[in-house]
Amino acid sequence: MAIIERPTPTAAITLRAPVTPAQSMGIVRRPVTSTGWKSWVFTVDHKKIGIMYGVFAMFFFIVGGVEALLIRLQLATPDGKVLSADLYNQMFTMHATTMIFLFAMPMAAAFANYFLPLQLGARDVAFPRLNALGLWLLVAGGLILNASWFLGGAADGGWFMYSPNSGPVFSPSNGVDFWTLGVQIAGFGSLIGSINLIVTILNMRAPGMTLMKMPVFCWMILVVQFLLVFSLPVITVALVLLTFQRSFGATFFDVAQGADPLLWQHLFWIFGHPEVYVLILPAFGIITEVLPTFSRKPLFGYPFVVFSGASIGLVGFGVWSHHMFATGLGPISVAAFSIATMAIAIPTGVKIFNWTLTMWGGKIWYSTAMKFSIGLIVLFTIGGLSGVTHAVAPSDTQQTDTYYIVAHFHYVLFGGMVFGLFSGFYYWWPKVFGKMLNEKLGGWNFWLMVIGMNMTFGPMHILGLQGQPRRMYVWTEARAGEGLFNFGFWNKIASLGSLILTIGILFFLINIVYTARKGKIAPLDPWDARTLEWITTSPPKEHNFDRIPVVHHLDDFFHRKYQEDATTGELVQIATGEQLVRAEEANADAHIHLPSPSYWPIAIAVGVGTLGFGVVYGVPIMIVGVLMILGSSFGFVLEPSVAQDIDYDPPASGGQDTKELAPLG
Amino acid sequence: MITTGSKYCFGIAGLGSLGALIYMILINPSDVGVLALLGIAIAMSIVGGVTQFTGDFDADTVSDAITVSASAPANSMWPLLLALGGVLLLVGMTTNPIIFLLGIVVIVAAGIEWALQSWAERASEDSAFNRFVRERALTSLELPLLAGGAVAVIAIAFSRIMLAVSPENGAIIFIVVATAVLAVGFLIAVKTNLKKTSITAVCVLGAVALLVSGGIAGQSGNREQLVSAAAEEHYSHKDCEETASKYFDKNSEKTVSMKSGILATIRVKDGKLSAQLIGLDAPVATVTVARSNQATILFRNLDDEEHRLVANLGVKKVGETGVVEKIVDCTQMTGKNQTQALLLKINKPSASSGPYTFTVPGLEGQEIALVVP
Amino acid sequence: MSHEGTLPVSKQNMTIFGGVKSQGRLNRKKTAVMAFGVLFMAGCARDAPQDTWQPKGENASNINTLQWIVFPLAGVVGVAVFALIGFVLWRYRDKGQAIPHQSHGNPAVEITLTIIPALILSVVGVFTFRGIFQLAQTNDTQMVINVTGQQWWWEYDYPAQVVNGVEISQPIITAGQLVIPTDTKVLLRETSRDVIHSYWIPALNGKKDAVPGRINLLRLQAYKPGIYAGQCTEFCGLSHANMRMEAVALEPADFATWVANQQRNAQQPAQASLAQEGEGVFLNQCIRCHQVNGLKKADGTAAIAAPDENVYSGAAPNLTHLMSRNTFAGAAFDLVTSDCRKNIWTASPEQFGAAYLEGVSPKCLNQTNLRRWLRNAPEMKPMYADPTKLASSDGKYRGMPNLNLSESDIDKLVAYLSTLK
């Protein structure tokens, strides 16, 4: 069923009297096909964009994973020979950059894009073409970042890119240039996306959905977008300074000119610390949807979870210097940031207690999604507790820049974020693709990931406390210690663990392929879920909801299915999810209005990418890039929001085969 | 078939390449102008290609959908400007590349305006709508470009004036002009019934005054001080004498931003020099600076007289003449309770060319040893 | 100040080990035990030279005290939380019970569960606060050493001063190994010539970054004579992994001997010896960057190295007393054979001073390492010695280039370098 609204073409042609035409200002005809590759590349549909974000992120998850495997292979033995020093430095820089900017953030964006409008009861995001622009800018950034591998070597200064080491003298290859530009461009994409999502959440909720009736996933996404809006400009400034220093001879971080290299660190971590919460909060949001669903209970203390999320975001802006305890800030700053860092453990603890108490008294269904969510609670708690140990600044001066920190943030980011995302994969796969991921393969996937993850990152705690620093391309026998349980032993365990982890993730990929070929068709409400995204078909129609739902409760979908018996107080099912979906279809809205696809988002992104290459390779390419951006921006601005009559192919046979619309009144 | 839109783009691309070719032959094959023209050509080819690829208006269908406007074409100044551009181009070729560039700018601008105007006039049968589409397409280009040009002219003219007059007069001119601008702006804002012509007259008068005086100032060149300062390199050559130097001490700062993590603080109090290292309470007689290391020394003057800190860094021979010259570095004159920073990077150890010291001109017998091991 | 650490650290390390072995069979409790175990396991490899739980000096002991507060506390909290989760997961599994009552929470429980961690953390906070200011104290310093980081080695210079009655009359300049007297509060004033480095001797104190243009302070104090390993911990470019250092603590008397030796100029090698030929090679090649105090040019004037003209960061290790240190090239390689190394590293505190002060005897000299280094340094330790990568460093090297020395020149140089006691 095609649903793109198209006015009937007859009137304009037959009537010769002067008419005021619609404001058709596109230079070119809009893309209107709803099948084939063009329907993906030029789409503005939040669901397609969400899926593309997901595919992009998954690809770079694999790229980043391969980089990680090479790192572990190098470190499995002393004086490893797998990678040269130069290549190793590129590898750990790009592993972090890829995982953060090209996997974690896009994957969170994938979930946010796909499910936010569905959970809010909206037909699309507020600015659909900006949404597409965000995606394509991210793709441009990702390509620039990874193009460096083939153009003289990737960045080798660490993802933190401390000056002066990132300056033109100390990092002479173009890698750092590609890195700054890639991150910059991907950052623009995120910034555009975050403004879009904030407007969507604040303006496009279904009637009746007050902020405090909004699903926690949406809340966490809202907090994350605010974090991005306030932190990305800081890194943008820092990256502009670095780009000017490298490409145009500026001296912002040049000590010989009286500059202070700590300026970069402050700028970087004012962005970098909130970024940690940008990564983890979407995962928190996901499991806060999953846990109540599979415990058959509402979230314990909804307002506490919401406000603890918001306060994590707020306090997250006041702790950046705990990354800099060893830089000589002076005892007063160190003490202040140390205490602030401890304070952030409190709202985090609240979340853990609330998740546990949500399960308390419940009826727990151990689906794969639920297993991953529980995995997150446990593993994140370990990461959180090790975090408290280095909130104690003097203790941190022993642990910072050792593998203890690597262990800590991998428990937080892998055990926390990645497990949350996988929980989301299993929970929402039937919604997105209409098929159930295999639970048995899911079990293998989960347990191998748990084992692999703990074997990889668990020993790193010990390695760090034994004094193995990070970012060293080799470790040496001379510092490994005697006895069985020395560096050598734990490094081997960690490397072995990374292989198990890889197999675990392979099971997920196998599961995807298996599901695509032989997977079970998903029922409309497979998990007896609680929120609005389940009140439509799987996968949802292009216009999401046949009828915009009216919300009366938190977990409205659940309340439409179950009611408390007035006398016994017991819950009684009054409708199945299937029945509710069919009822919506029977009462569909008329005149569903959707934005049309557009060429310009991707055209602008191509221009921005060209400009990026121009910064590295010279002014002529920059000029071309700027002209492309200017031209496509004009196209973007002048285009009306809905495709015109003229944009469609002429009717094939006397108007019989026109693209018919959703039920018109 | 090549469609209308892509014809337009390819046309500009062709013009651009032709222009680049002419430019290369006649002016300078490696000039930035060539790059700009080629850039236009490449960008327009790409846009044209996209247009062609995506279909554009199909001529047959378009004739159905869009009818030629019934109204007559409006008056247009673009043909005239285009011709003017051509003249400038030709004159520029033989005389001055700037005129040539101006010609290109005029031709491009007039061409775009003309093309869009005639396109807009045929956009529909409704001339009001046609004006609307023309403005929507062009004002977003015209306004920023014109505004940018105006700002550039104002900045250039005003800066010429400020560079030509003496600093004292400069301050007066600045105050007067700023007050005048503020007053006129205030008037316009408050008296909403002012006639439009009188506002225009004031603005035009101001603009003419600015342009004329800017032109005169530009002709007469920078004030003598600036010229001589540039010639005598007062900014790179530091005057480390006891008395204040006219140029070097002119911009003496009152604040120092980096106050933590400095190597040492040297103070003058009651005519006595003392040095203190961070982390140590007791004053020291010797300051050690690692070789080839960027070090920051703070100089703090607690006395009433102005002082400066001088680092005496041995001697060097000037070329083959055998003349020996002292190597010194110093802060600017520092008033009472003020602090100045001295950035040092010493590549040679003190053993190589005699003892290094910190002294303050005018304070006899006071010195702090500077050791570079 | 007692010579022992304030807390008994090394005794308790093996106890938790049993709980960690079977990582494979994971459940929540297992994870809990593991997390708890992991934190204490660091003590296991008691010989790891950079272990952070074996303080050998006052500052590290202060840090260790804090570690012994916060780590067990985190462990206990972890076990409690995991026990709760484990209980919930077992008790409320789906046994076919009815759909539970849809309760939305309990503010009293919430507030309690917010206040408890806040209280725990404020206790930790108080100790942390005290610890931070304790460690920042410098006004009772007894000795000052300037430490300068450079890609990829550390330079130490000892300004003229009197330490425990021992007078350092001329500045001492050395590299790689920091030598300090025991039981003396030593203040390191750190800075860097190029990028940010970080100075870390885990047994003596936590890290402190060496930031170019800034002076950062780090206090060290060692209870007993011995050699304490360290490593640059701020990523500093290509050979970051090869930027190591050692702190050597000597009894005050031994320290006086060391100071006396360091103040000496290098001896002229015997006439017509191989070493004297080596001196010629040195004057030809090495003096461009490496200073040897007392070395004279053919015309009798003092030979002064000018590393700033050849090396981007502007300095190279002073080799006057190379053979008094037992590592070279940023403490990345041993200058002594492995047997001799073992003798020094495992010497008892009483014998350590004598063992270290013996320096590199001809018997102990690790000829393999030294010759390999002279043959092609960047092959042994990655450095920016490739001219194609030097476009933006004014054509100067970063690190030691391959000098393309002939084998006979290498023989001569080794003979000469061995005389630099």
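In order of appearance the chains are A, B and C, and numbering begins at 1 in each one.
In this section, a residue touches a chain if its C-beta (ideal position, glycine included) is under 8 Å from a C-beta of that chain, and two chains touch if they have at least 3 such contacts.
Since we're looking at a predicted model, the values are computed, not measured.
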Label of the chain whose CA centroid is most distant from the centroid of chain B: C
Chain pair that, of all pairs, has the most C-beta pairs in contact: A-C
Central chain (distance from its CA mean to the mean of all protein CA atoms): A
Distance between the centres, which are taken as Cα means, of chain B and chain A, whole angstrom: 40
Whole-Å gap separating chain B and chain C, where each centre is the average of the chain's CA atoms: 48
Junction residues of chain B - those touching two or more other chains: 258, 260-261, 294
Chain A: positions in contact with at least two other chains: 255, 258, 260, 328, 330
Per-residue overlap in chain C, given as positions that touch at least 2 other chains: 211-214, 216-217
Chain B contact footprint on chain C (complex, rising order): 138-139, 141, 144, 146, 148, 155, 157, 159-160, 171-173, 187, 189, 191-193, 211-217, 291, 302, 304, 306-308, 313-315
Interface residues, chain C side, partner chain A - complex: 23-24, 26, 28, 31-32, 34-35, 38-39, 41-42, 44-53, 60, 62-63, 66-67, 69-71, 74-75, 77-78, 81-82, 84-85, 88-89, 92-94, 97-107, 109-110, 113-114, 117-118, 121, 124-125, 127-129, 131-133, 135-136, 151, 194-196, 198, 200, 202, 205-209, 211-214, 216-217, 229, 231-241, 244, 312, 334, 382, 384, 389-393, 398
Chain C-facing residues of chain A, complex: 84-86, 89, 156-158, 160, 162, 164-165, 168-173, 255, 258-262, 295-302, 304, 326-328, 330-331, 334-335, 338-339, 342-343, 345-346, 349-350, 352-354, 356-357, 359-366, 374, 377-379, 381-382, 385-386, 388-389, 391-402, 447, 450-451, 454-455, 458, 461-462, 464-475, 478-483, 485-487, 562, 564, 569-571
Chain B-facing residues of chain A, complex: 12-13, 16, 18-21, 23, 25, 27-29, 31, 255-256, 258, 260, 328, 330, 599, 603, 619-620, 623-624, 627-628, 631, 634, 637-638, 645-646, 650
Contact set on chain B toward chain C in their complex: 258, 260-263, 277-281, 286, 288, 290-296, 347-349, 351-352, 371, 373
